[in-house]
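There are structures below to look over.
In the two assemblies presented below, subunit A is common to both, partnered first by subunit B and then by subunit C.
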Partner chain A sequence: MKQIYLLLTLSLIIGIGALLSTRFIEPPLGEGDSAIHIFNWGEYIDPDLLDQFTEETGIRVVYETFDSNEAMLVKINQGGTSYDLAIPSEYMVEKMQERDMLIEIDHEQLPNLEHIGEQFLGLDFDPENKYSVPYFWGTVGVLFHPDKTDLDFTEWDMLWDESLRNEILLVDSAREVMGFSLNSMGESLNETDPDKLDAAFQKLVELAPNIRGVVGDEIMQMMINNESIAAVIWSGSARDVMWENEELDYVVPEGGSNLWFDTFVIPETANNIDGAHQFINFMLDPENAAQNADYVGYSTPNDAGLLLLDESEQEDTRFYPTDAQQETLEVYKNLGLENLGIYNELFLKFKMNLE
Partner chain B sequence: MRRLLFIPYIVWMGIFVIIPIGLLVGFSFFDIEDNLTFSNYREFFSWSYLQMSISSFWYAFLITAFTLLVCYPLALIIKQLKLKMFWLFIIILPTWINILLKTYAFIGIFSREGLVNNLAAQLGLPELQLLFSDVAFVIVGVYIFIPFMLLPLFNSINSIDQSMISAAQDLGATRMQVIRKVIFPLSIEGVKAGVQVVFIPALSLFMITRLIAGNKVVTLGTAIEQQFLTAENWGMGSTIGVFLILFMMIIMLFTRTKSKTIGVGRL
Partner chain C sequence: MKLTGRLFLIIMLIVLYLPIFYLAYYSFNSAGTMNEFESFTFDYYLSVFQDSRLMVILMNTISVALISSVVATIVGICGALSLYFLKSSKIRASLLNINNIMIVSPDVIIGASFLILFTFLGISLGSVSVILAHIAFSIPIVVLMILPKLYEMNTSLLDAARDLGATPSLILSRVVLPQIKPGILAGFFMALTYSLDDFAVSFFVTGSGFSVLSVEIYAMARQGISLEINAISTMIFLIVLTIVLIYYFLSTRKTVKRGDLS
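Up next, the complex of A and B:
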């Protein structure tokens, strides 16, 4: 019995000690201190910029990450943490706005907004940029190993080629996978006609023998390690992989693909609205935007920032597609929960057809 | 005084067991537009969910069977060793490491240019596809559950009275006969407990299906994750959860243990 008391006391002391020690590592906020809570995708910012922001403004940054738009929505809805800034994709901005989850952004506090390219403002999902400011943008395409295949993936249909048996990795995301199947048939990736969706699903089932696996963020590490010949992946992830494995190439097939935007929004849970504005403005500064783009690998909508990047980078039409190329691309529309359910149901069925 | 001692237990059970299960059952009767409905249950009996249930059961069965096959002889061997507790400790040590980390390590071992294929190449063997196969999925599952199966097994085997075994041997039983007719029947409660602690969580594994099997193995766990996180269909997700609970209750009934002492050894 004595031993049990001893053990209990000991663990209590260690526990309290550990709790107190966190105060030395990260001092708690005092009265005058100001902080902002940022909620962003993983690996999606240059951490040096966070320190720099704190140095310049004295505002501390509490930084948390999520791995899907939907997970972010659920977390913000739950309350718990009062996030001051989040970075959802365009269709999620629309959804959050419909649910009155966003605070209007005050453009007067964002002098650096002028650096954002005109084609990135006033898009369908937020016509007056009342609630969102562009952060990064990109496409969905094929990352592949040119030495190991003769195909150049200028068309989606090439994924169905028999030479690719068991050689394709896909991202585990219903809209991307259903989307390229629809695109390969010349349909829109915002299709809601059940017959066309079913046709897209049937076509995916035919692709099943070529699929090596359907995975999450691990896809990047797997491609670096040459796990498969081709992968359907987001442009920025592809950029990251190509920095590590220079044998790979990325292409957006011509039959259309997804054009997406990730944007800053201020959720209605925000406590420090001023701080959030200051942070957005800080990130819109051309030099910071360039530094961030250089670190993250995604395409920056910041025209002035883009000019600061290496010329080879600026002219790389794989990641900064020309206007003509962009015309074939489509932005996701918010299709509503019911249609989203159908997409997910078909995607799940497709996964069950893999062997 | 006695009744007072019960209060924390009841509060705990209420907050962390009764209310969540109640919510789960409640949610399962609502569709995506918050209408009261049985449609989720109808949906569950469609072919794709039945298929998924069967595949969940099949893989949980495989994992449990192989874990038992590995652990039973292991427990017998450990019982014979001098430093029993030390060896037990060594085998349980991996549970201190997060499951996801261990799973990521297996990606490195099984991948195309990973450890196993490197070794195979050295020996002149053809390239194996381990990653994204159901074999790999079962191997990782078994690896993860070994400690959980071993503990109850070892506890029950270790508590068998040595004189029973000596008596059997004196009466001329062979080694196999001792194991089959004395040790196994006496350790059956440990086997049941071990099967329970492995089969039930194995039924709802989901991250490993993606990381190791590349979604080529689709279980009910995958479906729940997708319903809650992407489709935002909490109703359907809850319905699958309700069925999982039902399945687990059935398994508990089948593997009910009579003696109370065995349970102590569980993690």
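Up next, the complex of A and C:
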């Protein structure tokens, strides 16, 4: 019996000791300490910048991570947390705004906002950028293996090519999949005309023999392992995959695609609103934006920061499309529940049509 | 038959352990990816140790696991004992079912309900909420580990002790507890491993800068696996291996010293 007592007491002592030891690794916040709580995607910021921010402003950064917009929404919505800054994607900004979960951003406190390219401001999901400031942006395109196919995917229609039998992966997301089908027909990916949506659905059904799977996050690992020739995927994920598997290439087909954003927002749970503004402004500084873009690898909306990146990077039209290409990109509009329902329903029908 | 049995065992062990060794192997790869092994390096381990945020999270994980399993073991012993000594078998069966429901219900549901409960009670998310949640989902496992040992116990031992004039507390500490010791050990270590690898519940109840490894690794893995994750996972594997060895040591010593009832 002594063993058990010993085991339990020892475990308790080590446990409490480990908990206390964290105080020495990172001193806890005292009463007077100023700090901001940031809620971000995993591996989505250069950690050196956090230290630099603390050095410059004296504000400590408490950093937490999430892995999906929905998970973030639940954590913030439920309360019990006090995040001063979060980084959701644009559709989630809209949702949070509808639920009155966001605090207006004071543009006067953000002098560095001028560095953000005009084409990235005032978009549909937040017309006056009242609640959000763009952090990174990207597109939807085709990630493919150039050695295994002669197609270059400059047109969406090439996905329908017979040589790609059972070789295409799609992300499991209604708007993206319906969107590229609409784009391939020269329509807008915000189309609400039921006939056109139905035509897009019919076209997707024709694509069915080429589709290997409609998958979630696994799509990245599957592409890294060369399990498929092509995948319709977000540029950010494509970038991550191409770091692991250098044989792959990414292209945004002509005829339109989606323009997505991850943005800074200040949730209503914030305690340190000034600190949050300071942090946004700090990240908008061209040098910091460039350093961060270099670390994360996504496309920065910071025009001045972009000029500080390597030229090869700046001229990479796969991730920084030319102005002409950018014209064809569209942000998702909030189509309302009813239309979204149609999108989801058609997408579901399409998935059920697959083998 | 003997040969096929052994072959089956070997194949099973390979299937079980190959991924872990594969992962550990590449944690020493200087190339930075899991594609080709270039040369041996400790860089990823160093960068884990230099990253004070990760170190704090590692410490948090260990302390949550230890504290929650100690408390869960103690509560679980009490729970198993009261179930065992219950007079009405109907109540016992229904209580046992309630206990089992906790084990079979999806972690996501347990996690979400804890989140709602904690915010309702005004407990702010952080170390306390995580430890409480881990204690709660560990208790049913401990109970389930101990109960069979109680039923294996020879009841005449209890009668004999009573006849010889032992007080109830003496019976408990000198007769019952030593009899169920293997169950207690198993329960404790099961609770420890459950706590270490739990993601879903922890995700909901972490907050205020307090995080545990599983949550952190899950968020990191979104960007593809970086070799730092390999390094941490290898370390965790070694820690668990040590725990198992301690358990093995503790549970086999009993058979050597048969007379050990005190």
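Quick note on the criterion: the second predicted complex is superposed on the first by the 286 of 355 C-alpha atoms of A that agree within 3 Å, B and C clash if a C-alpha of one lies under 4 Å from a C-alpha of the other, contacts with A are read in each partner's own complex, and residues count from 1 in each chain.
Throughout what follows, contacts are C-beta pairs under 8 Å (C-beta built on N, C-alpha and C of every residue); 3 or more make two chains touch, one makes a residue touch a chain.
None of the values given here were measured: they were computed from a predicted structure.
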First, second, both or neither for A:Ala174, with subunit B first and subunit C second: first
Per-residue touch tally on subunit A - higher for subunit B or for subunit C: C
Touched partner set for A:Ala71, first subunit B, second subunit C, both or neither: both
First, second, both or neither for A:Glu330, with subunit B first and subunit C second: neither
First (subunit B), second (subunit C), both or neither touched by A:Gly213: first
Touched partner set for A:Glu244, first subunit B, second subunit C, both or neither: second
Which superposed partner A:Leu354 touches (first subunit B, second subunit C, both, neither): first
Contacts of A:Glu155 with subunit B and subunit C, given as first, second, both or neither: neither
First (subunit B), second (subunit C), both or neither touched by A:Ile14: second
Touched partner set for A:Asp274, first subunit B, second subunit C, both or neither: neither
Residues of subunit A at both interfaces, subunit B in one complex, subunit C in the other: 71, 74, 221
Subunit C residues within the subunit A interface of the complex: 33, 35, 51-53, 55-56, 59-60, 62-67, 69-70, 73-74, 112, 115-116, 118-119, 123-125, 127, 129, 173, 177-178, 181, 184-185, 188, 203-204, 206-209, 211, 215-216, 218-224, 226, 250, 253, 262
Residue numbers on subunit A that touch subunit C, as the complex places them: 1-4, 7-8, 11-12, 14-19, 21-22, 25-26, 37, 41-44, 47, 62-67, 71, 74-75, 78-82, 217, 220-221, 224, 240-241, 243-244
Sites on subunit B touched by subunit A in the complex: 32-33, 48, 51-52, 55, 104, 107, 111-114, 129, 131-132, 210-211, 213-216, 218, 222-223, 226-233
Touching residues (chain side subunit A, partner subunit B) in the complex: 68, 70-71, 73-74, 166, 169, 172-174, 211-216, 218, 221-222, 225-228, 337-338, 340-341, 344-345, 347-349, 351-352, 354-355
